[in-house]
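Per-chain residue numbering starts at 1, and chain names A, B, C and D are given in the order in which the chains are listed.
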Amino acid sequence: MIIVMKDDATQEQISKVEERLIDLGFKTHPITGDVKTVIGAIGDKRLLKTHGISLMPGVEDMIPIMKPYKLAGKELQKTPSVINIGNITIGGDEIIVMAGPCAIESEKQYLETAFIVKEAGAKILRGGAFKPRSSPYAFQGLEEDGLKIMYEARQATGLPIVTEVVDTRDVDLVASYTDIIQIGARNMQNFKLLTECGATKKPILLKRGLCATIEEWLMAAEYIMAEGNKDIILCERGIRTYETATRNTLDISAVAVSKELTHLPVIIDPSHSGGSWKYVSSLSKAGIAAGADGLIIEVHTDPTNAMCDGPQSLTPSDFRRLMNELVRVSEAVDRKLPL
Amino acid sequence: MIIVMKDDATQEQISKVEERLIDLGFKTHPITGDVKTVIGAIGDKRLLKTHGISLMPGVEDMIPIMKPYKLAGKELQKTPSVINIGNITIGGDEIIVMAGPCAIESEKQYLETAFIVKEAGAKILRGGAFKPRSSPYAFQGLEEDGLKIMYEARQATGLPIVTEVVDTRDVDLVASYTDIIQIGARNMQNFKLLTECGATKKPILLKRGLCATIEEWLMAAEYIMAEGNKDIILCERGIRTYETATRNTLDISAVAVSKELTHLPVIIDPSHSGGSWKYVSSLSKAGIAAGADGLIIEVHTDPTNAMCDGPQSLTPSDFRRLMNELVRVSEAVDRKLPL
Amino acid sequence: MIIVMKDDATQEQISKVEERLIDLGFKTHPITGDVKTVIGAIGDKRLLKTHGISLMPGVEDMIPIMKPYKLAGKELQKTPSVINIGNITIGGDEIIVMAGPCAIESEKQYLETAFIVKEAGAKILRGGAFKPRSSPYAFQGLEEDGLKIMYEARQATGLPIVTEVVDTRDVDLVASYTDIIQIGARNMQNFKLLTECGATKKPILLKRGLCATIEEWLMAAEYIMAEGNKDIILCERGIRTYETATRNTLDISAVAVSKELTHLPVIIDPSHSGGSWKYVSSLSKAGIAAGADGLIIEVHTDPTNAMCDGPQSLTPSDFRRLMNELVRVSEAVDRKLPL
Amino acid sequence: MIIVMKDDATQEQISKVEERLIDLGFKTHPITGDVKTVIGAIGDKRLLKTHGISLMPGVEDMIPIMKPYKLAGKELQKTPSVINIGNITIGGDEIIVMAGPCAIESEKQYLETAFIVKEAGAKILRGGAFKPRSSPYAFQGLEEDGLKIMYEARQATGLPIVTEVVDTRDVDLVASYTDIIQIGARNMQNFKLLTECGATKKPILLKRGLCATIEEWLMAAEYIMAEGNKDIILCERGIRTYETATRNTLDISAVAVSKELTHLPVIIDPSHSGGSWKYVSSLSKAGIAAGADGLIIEVHTDPTNAMCDGPQSLTPSDFRRLMNELVRVSEAVDRKLPL
């Protein structure tokens, strides 16, 4: 940590800051320049209450040097994490595509879609049983009935499933049905939910919050990991910006940045970020080319009549065509996408 | 609702869209221009699944005309809501200041602060027992012990209290101690928590999410109101923008906009938005001058040693000085702030 | 255009709005619903001063239906524009890579780099002679001497050149040396500069402003096209968001959106958007996979000693490696990138 | 400046960075911690090309300590600047209101408005002769004819005038008519225009760019000051955020932040930021209460027929009412606003 003193800080003020740092367990190294003094403080700020130092007389600024996350970063683990789900691995050579409808609407709809996406090459089934909707008057999901339908599709297709949990009270219930627990963008800083999911042994799909920095996203992962659950798949799903032409702005740079900062695998959600089926193909290819480990794509057999997010859902035929195109892009960046 | 057809939409496509709208219960009014056709559709989109129409062949865009919220808006209630908490009212002539430390740290600290802010003119005590922290290694609050201390301060000072709930499982517990339940910015779209709080009879302080639009904020209020709880106090606490000179950007326009769109009272949080005690005075005065109904301000007897948010806390003497200044600003905009 | 009347608008107010619209040359179609009336107005809002209508008594909102750009959109031209520069085409099958240093520093530096990027497969040379720098104390470019060096490199390599103009007074000078005139992000709404560039016959590389919407970007193109110059290459170079891990946030969705809205070719600038050489490879591949028609990449023979933007420049060897990788990604999306 | 080395940086890498810093004229102070080494470098980074250091092997990050602006900051001048325009001062005790229509439309319109705003208490006349418009088909201003009309109003009313320049070629022309030259938001980083205005002796009204940080805004001021012109009035006019309920988001915190970082006066533009006459009153009061030195407000005698920005213009009667209200708010914060 670096403490920057004001230009007119007195020697006494500087000494008091040093004393305080020493009290907190830091070793201090003052550097005196022509205009100002800075104090280097060595120690682990993660364990100490240091914010108050910025309020001491003569202090201009406090600059952290160490990353605030430990388990999610590369300090302790330099090699990429590979997450195992059944006989599938995420974060290895293979590009994993998760697909399915936004919401579970009925047994018939879900099973039909499940077989379609499986045949097209998806390796994991997605679907929402608990839906966080911005309007209280919108369809909120089939809840446990939806989980049961997903489980049935899991048994019928042999594919693992991923579904969202939105309430701490439902974590055990959801975990009892699903292979991967999804934490949605709106809950990325629902810290109690993170902690609760960290206590399960299920892999977690952690979506980035709509206005979360990459650092905050990794801190959310740190919450889960601090509970002992290391199996986290990051999912970039678009951030909120001033641009209204798309639902959100896919932060494609987040793929390269997260590969640099963390050992965790990262996938892309081209459906929610763009908000339109028209952009899914372009964003999916971009995601794989950028280095993502997978995709999560919304597919609906009848988007016009979907109960949720129809406009961003691919039809089965568009999904099949896309999967074939993705095989080629995957190979162009030395990854595999076996259909 | 207005359906905009593409320039090259065929008559058959237009007819199919009309048929579909009629099936959904709308009355349709097509308008044919030189370049394109638009279809006016009369009916309440809040009750119908209409998203799919945007996917019908020939459709370019779908534009909603009605506001998506009903209870929070002025359609059903045109006069401002006034919320009663004990013998205090929020949304009336009087400016209400809520004050106290970010977190409850100890009985001694909290009671001392409670009496200080009461004497300075605060009408409601704030304090955090459950703290949503971005790091799992940071102080997370005293939980129920903190609630007990707050309750003790409530009895000792006679002032009502406001504190945050972060987990659906704790709503009843928090409601049993507090006069006002706070829903924090990070939980503004934690819909289960909104619903749970809507089921209590306690007034709700609803902070705006860090990247929530004003419309989404009102939809969050709608969630609570749809459960039967009409006592909602909106709180603007800064939104996330590209500017890093302040912790967040106080959206001062939100005061005037929310006064136009809703009957609910709105207050300002100058502490979290600016992120520094240095800006609290300027932002507080701006908030009242803009028309806000109150403020929620962090005060700490020893900010340098605070366990949470010290840098943005006022000292008791700064708070006293500010309150005296606020009296004058309040009067300048025809409001009262009796100390 | 749709005029939305307030719920409590009187019949007289509605009639006055209709009269006004008719005066302005519109045909009107009122639609009366249970709650409110909307008026469809047919005519071209681009030619009329219509803003004032939103101020008429009883009017709640005014919603444009037609796109504000005409020449840049697909209304008049549905097929993609292909821009010819010498024997190169942009917007056709081939992916065009423009490369070179951020700034022209010396004849030796520039010619050496020019031959390196040519050999690696770049088809156009980039370089800055007039540099817009956020600090007045930073290197501002060699100005005309820089243009002369670029021209020399053009003659020596046979490759066309692209360079930025930042002042209306320099447009003719720059146009006399360069094959493509670049309008930088900070000048995207310098309308006089757009108009001046529109009066030349040189193709224009139009970078998107740091906080420009895609619509505003196309309106900037419209400014140029309205002067008779149709040869515009759009360049997405990252937008400003709250995320600080990268210099800007590359809006990869802008590729698909601009392909939908306009016939103009679009390229990606992975250097300025990410702000670090570490992210250039990932973003370049993403750009091509997303459907961009080309890239503009900063290459420096000695980034550590570059006078400008060294941290985001590729070394020659990294650039060569990247070009080989881009060949494969291009082919995977049915494009060609001949080295 | 602080150079942060990577955790695994070798001693040789650390030594090379030190050598390089010493070559560039810095004194170095390495600090070795348990996990990593940081190097304190004393010297003035404003004069040196130091970016390249971040590319040296073993370097993780480079953190500047000194502010990048010198003349605009408080390092050399700690007392507030007071700008004199005729017998008016900006930055002193008095709140200065600038008012007038968005665009000069005719002699009659402008003179009428000029007398109205003067009588209501405005001390400076605003008006646009050169209008930067997002559409090439919109009214672009009367240009020199407009300047002549403004000058006539100046002579008739005795009030100084402020008007915008948008082209380096027009700076001398505009300076020959106006008392204050306005640099608009879209040109805040048109560095040639800044430099050209810096060469005049006229005070400059420098609007903040739509997505400019406060630091970039002060660097724009630095460009002007580096040319010898110290008379700069900062103007906060709203920044671009994701919120669409207002045209832009007034960053009210910028008042307090700029008061802390610079000695220059700062005013608020409530018209462009909110984008609606409905919000002008609330934002104006907030601006003064926050500590701004003045306001610039759009007033039109017939907003419904205005050629530009009618929806955000106040009518004469609304302006008069507002001025009376502002007197009270000014006094409440110990400022004067004599009508």
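The rule is short, and it goes like this: contacts are C-beta pairs under 8 Å (C-beta built on N, C-alpha and C of every residue); 3 or more make two chains touch, one makes a residue touch a chain.
On a predicted model such as this, the values are computed, not experimentally measured, just so you know.
Most remote from subunit A, judged by the distance between CA-atom centroids, is D. When the interfaces B-D and A-B are ranked by C-beta pairs in contact, the top one is B-D. For the pair subunit A and subunit B, the distance between C-alpha centroids works out to 26 Å. Centre-to-centre spacing of subunit A and subunit D amounts to 38 Å, using the average Cα coordinate of each chain.
As a whole-number value, the distance joining the C-alpha centres of subunit B and subunit D reads 31 Å.
Touching two or more other chains at once are residues 211, 240-242, 244 of subunit C.
Judged by the touch criterion defined above, the protein chains are all mutually in contact, each touching every other. Of all residues in subunit B, those touching subunit A in their complex are 46-47, 49, 51-56, 68, 132-137, 139-140, 166-169, 186-187, 189-192, 195, 210-211, 216, 219, 222-223, 226, 240, 277, 303-307, 309-311. Subunit A contributes residues 2, 4, 7, 27, 29, 31-36, 38, 40, 42-43, 63, 65-66, 75, 240-242, 244 to its touches with subunit D in the complex. For subunit D in complex with subunit B, the residues that touch the partner chain are 211, 213-215, 239, 241-246, 249-257, 259-261, 273-274, 278-279, 281-283, 285-291, 325, 328-329, 331-333.
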